[in-house]
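Presented sequentially are two complexes of chain A, the first with chain B as partner and the second with chain C.
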Partner chain A sequence: MMAPHLRRQAFKLGAIWLLLLAVPLWLPMIGGYLALGTRVLVLGLAAMSLNFLLGFTGVLSFGHAAYFGLGAYGTGLALKMFTHSTPLALVLGVLLGGVAGALLGALIVRRRGVYFAMVTIAFGQVFYFIAFRWNSLTGGDDGLRGFERQPLDFGPWSLDILHDPTLFYYFVLVFFALAAGAMGFLLRSPFGRTLLAIRENERRARFLGIPIEQHIWLAFTISCFFVALAGGLNALLNNFADPTMLNYTQSGEIVIMVVLGGIRSFWGPLLGAAVFVVLQDYLSSLTPNWMSFLGIIFVLMVLFFPRGVLGMHWPGLVRSVWVRLRPAHGGDKPA
Partner chain B sequence: MTDLILFNVTNGLIIGAFYVLMALGLSLILNLSGVINFAHGGFLALGGYLAYTLVPFVGFWGALLIAPLLVALLGVVIERTMIRRLYGRDPLYSLLLTFGLAFIFEDMTRFIWGATGLPFSVPEFLSQPVSSKFYFITEYRLFMVAVVAAAVGGLFLFLRFSRVGVRIRAGTFDLDTVSSLGVNVRVLRSFNFALGIFLAGLAGVLAAGQLSLEPTMGATLLMPSFVAIIVGGVGSLPGTMLGGLLIGVAAGITTVFWPSASEAVIYVMMALVLLLRPRGLLGEEGLLS
Partner chain C sequence: MNLLEVRNVSKSFGSLAALSGVSLSVEPGELRAVIGPNGAGKTTFFNLISGFFPPSAGEIVFDGADVTALPAHRRVEIGMARTFQITEIFPELTVRENVRIAAEVAAGHRLRYWIGSSHAAEVSGRVDEIMDLTGLAGKAQRLVGELAHGDQRAAEIAMALALGPRLLLLDEPTAGMGDQETVEITALIRRLHKDSRYTIVLIEHDMQVVFRLADRITVLDQGRLLAEGAPQEIADNHAVQAAYLGKTT
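== the complex of A and B ==
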């Protein structure tokens, strides 16, 4: 017999995975297209990776697009130049983004708060300018073209993830599951608990003898590896990579997905990514001024819903709204 | 060759002057309120565009003064209605708020004035080169440097000698104490915000005549301004000024030898500074960590 909270947990996890597994079934029914679902998954992974740092270590990185983009460019370049194996290219992309994150992380791990944010933003821009200017390698402003994800070869069978969007969705889902599983496992481990301790009270953690810088550096590096994986998957999804993926506006969008979903929640960023991707898709088809609408959503969210969708106390909110709206004398109908 | 280097160093100093104005405003706001103002570039662009619209009515000189004042006024409104609510909260939220504002600013500028660059003519008497040999030193550029120098000098004198300026500097170190000494911190922060935005607006008017007038003109100056602050040392206004000029010149010199690295070089400088002198060139120990 399981304890009730464990049963609830298992039920929740089961529901999430079932929903994700069935996306190719239900998404077209409600009027979406499958590539949109894949994009949610990819950006959701990016947001969850950032939240590993932001929500669970309490460190504000505003430059994660750099590692996202490096993963994308690494994967794309590997496919274009030396390999026909999609997984190998993905591994190379992840290594590129992750190692860059590890190196830069060592430079910035002593900064805190706004300063950490500022340094991460500024460093992120280096890679943007490299991708923008190194025309011969990266295609510059036009982006990196000329590569395609390759069918997966398992000896006798092969899976054509290039032409079958459903297969590609499941390909992405496998990596998403591996990454989410790994992050969940890490957060439950003593290491993850230490990160929470640092988030809650850095000074106390330091007095307990925890090497803070080392832990933050590790958390930053891990987060960069996973975000690079998301970037690589994004390159495979579009068969394309462009410099705006590395720009700080992309970083801001990933941060907003995290906050939109709920910064203290493990699955929140995935929900945030879903809301963001759908809104962006919808607004940009509706009005040329979608940037303003997006900006207004940022502003309203920060001012009125800073805890995000999953961070809100919904039953309490519903009750307080009900208390305000219900008629003063029970049952009386207004004339 | 020397001419080429001189030419690019001059260019670097000019662009550095914009970084200085922009970064000083950002620094003022960051130091007193702990807010990184992502919308700073949006305010700058708005200053330039407002000047463009105002010139036919009030002339260049009028626009040079009125446009930054209008932008600063808008800054106060935004500070009072939105940013103020986020003081003392996790910096994440003010970052996101100003990030959203930057989106709105850029899009609205594009909506009102159009996406393509607009011509902004500098006054007739300022458009001549000073000498035929150094054709790149135009009167407008000299004028610009003079205005920036006057603004920066005025700012430092103001912070050093005026009562409000002293309070702003004191608040940078310990706002609680300043507050308990009876200073209205809310007004102080609003004023300080307006001051920072005024500098951005001024930079916008000057930039309209020098760089091109485009909706993204401020956003492209934003990141180098961050770098200027970090290189110079967070918390130090003279450091910010030094940082702005240094990275401007460094980018200018790099243009001579390796043009495609001219944007990336300032980030390499930042990495070096963080590696060798983490507090920045003139920064105070401990403020950054």
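== the complex of A and C ==
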């Protein structure tokens, strides 16, 4: 017999996966198109990867787009230059982004707070300018073109993920599931608990015998590997990669998705990405100034849902809104 | 042999000499209290012993090994655990999770991405033992941040115990406590000392607590060692009375 909270957990997980598996069925019914669902999955993975670091280790990286973009360029270049295997290209992209994260991470783990964020931005911009300037390799400002995701070959069978968006959605979902499963698994391990310890109280964690820098470096590196996977999938989704993917504005968007969804929640960033992507898609079809509206919505969300959509204690919220809106009873005007 | 030997340590912050040439020897099984008026350098002294920062001069020897240059987390590994004057815990985790993290790190599992059932049972048993010892068993599933101040202090001590230390450093364990809580935490420290035979060094402001618990007392004043001895000797020491006790009583 399962404990009630475990049963709730299992039910919640079942519902999430069922919903994700059935996206090709229900998304068109409510007026969406499948590539939008795939995009939510890809950016949701990026946001969940960042949240591994931000929400569960308590370290803010404002340069994760660099590793997202490196994953994309790595995957794209591999497909363009020397392989017809989509999974192999993806692995190479992940390695490029992940290893770069591991190397740079080693240089920045001693920084804290805003200094850490600043250094991650600086390193991120370095990669942005490389992608922007190295025309002959990356295509510069025009972006990297001339590659396409290739059908998956299984001997006699072949899955045409290039022309069948449903198949490609499931291809992305498989990698999303592997990555989300791995991160969830890590967070429930003794290692994952040391990350929570660092987030909660770095000084205490250090005096429990945890070498903080080593653990933050590991969390940063793991996070970079997964965000590079998201970047690689993004390149496959668009058959295209461009320098803005590495820019700090992209990093900011990933942070926004995390904060929208809720940084204390494992699944929150996926929801944040969904809100972001759908709003972006919808607003940009209405007005060229969609960014301002997105900004206003974000500000309102942060003011009213400081812990994100999934981080809210909903009954408490309803009560507190009621208390604030309730007509005041007589003379309690401010002096 | 002494478990802890501090030899002539000094610490300056810029031109401020917080500690000058203080020495201390603690025998295994001893409970030593470090007292002194505000600004005497007690917390600085503790930070040097636990490796929060290195001394400007002098050396620190733990169980025969020079640990002066050892970073804090390595000192924990070889058996030094500490608590803080302002409680340092993981507020958004339960009491049990707080203690479990400490026990897992102490058992060498901190880098494991998987913990087998036998190891998990071992850790779990150890955690239960400590929860019983510190009287927190009934509050295991509460978030530490929601507990009363006294229980938070106990939880912090429980985390230190979960590290399996040979030397326990307690920085003002009764700071900010009410009378009843002070009685309880004093009783806990007494049990740890008398029954569980822990070697303990503590800083304390409450003289009643100090004189009830300590085997020996070290008095610091203005960064220097003023006196050291059994509680009665310290109570009778004129220099100590002048510098410290005289002011407060």
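Details
The criterion applied here is as follows: the second predicted complex is superposed on the first by the 318 of 335 C-alpha atoms of A that agree within 3 Å, B and C clash if a C-alpha of one lies under 4 Å from a C-alpha of the other, contacts with A are read in each partner's own complex, and residues count from 1 in each chain.
Heads up, the rule we're going with is that contacts are C-beta pairs under 8 Å (C-beta built on N, C-alpha and C of every residue); 3 or more make two chains touch, one makes a residue touch a chain.
Being a predicted model, the structure only gives us computed values, none of them experimental.
Touch criterion not met for A:R8: it reaches neither chain B nor chain C. Contacts of A:I130 after superposition on the shared chain: chain B is touched, whereas chain C is not. In the superposition on chain A, A:R319 contacts neither chain B nor chain C.
In the superposed pair of complexes, A:V299 makes contact with chain B only, with no contact to chain C.
In the superposition on chain A, contact of A:L186 is made with chain C only, not with chain B. Set side by side, chain B and chain C differ in how many residues of chain A they touch, and the one touching more is B. Residue ranges of chain B in contact with chain A, taken from their complex: 30, 34-36, 38, 82, 85-86, 89-93, 95-97, 99-104, 106-108, 111, 223, 226-227, 229-230, 234, 260-261, 263-264, 267-268, 270-271, 274-275, 278, 288-289. Touching chain B in their complex are the following residues of chain A: 54, 60, 62, 104, 107-108, 110-115, 117-119, 121-123, 125-126, 129-130, 132-134, 248, 252, 255-256, 259, 263, 289, 291-292, 294-299, 301-303, 306.
Listing the residues of chain C that touch chain A in their complex gives 50, 71-74, 76-77, 81-82, 84, 88-93, 97, 100-102, 104-106, 109-115, 156, 159, 163. Touching chain C in their complex are the following residues of chain A: 185-186, 189-194, 196-197, 200-201, 203-204, 206-212, 215, 218.
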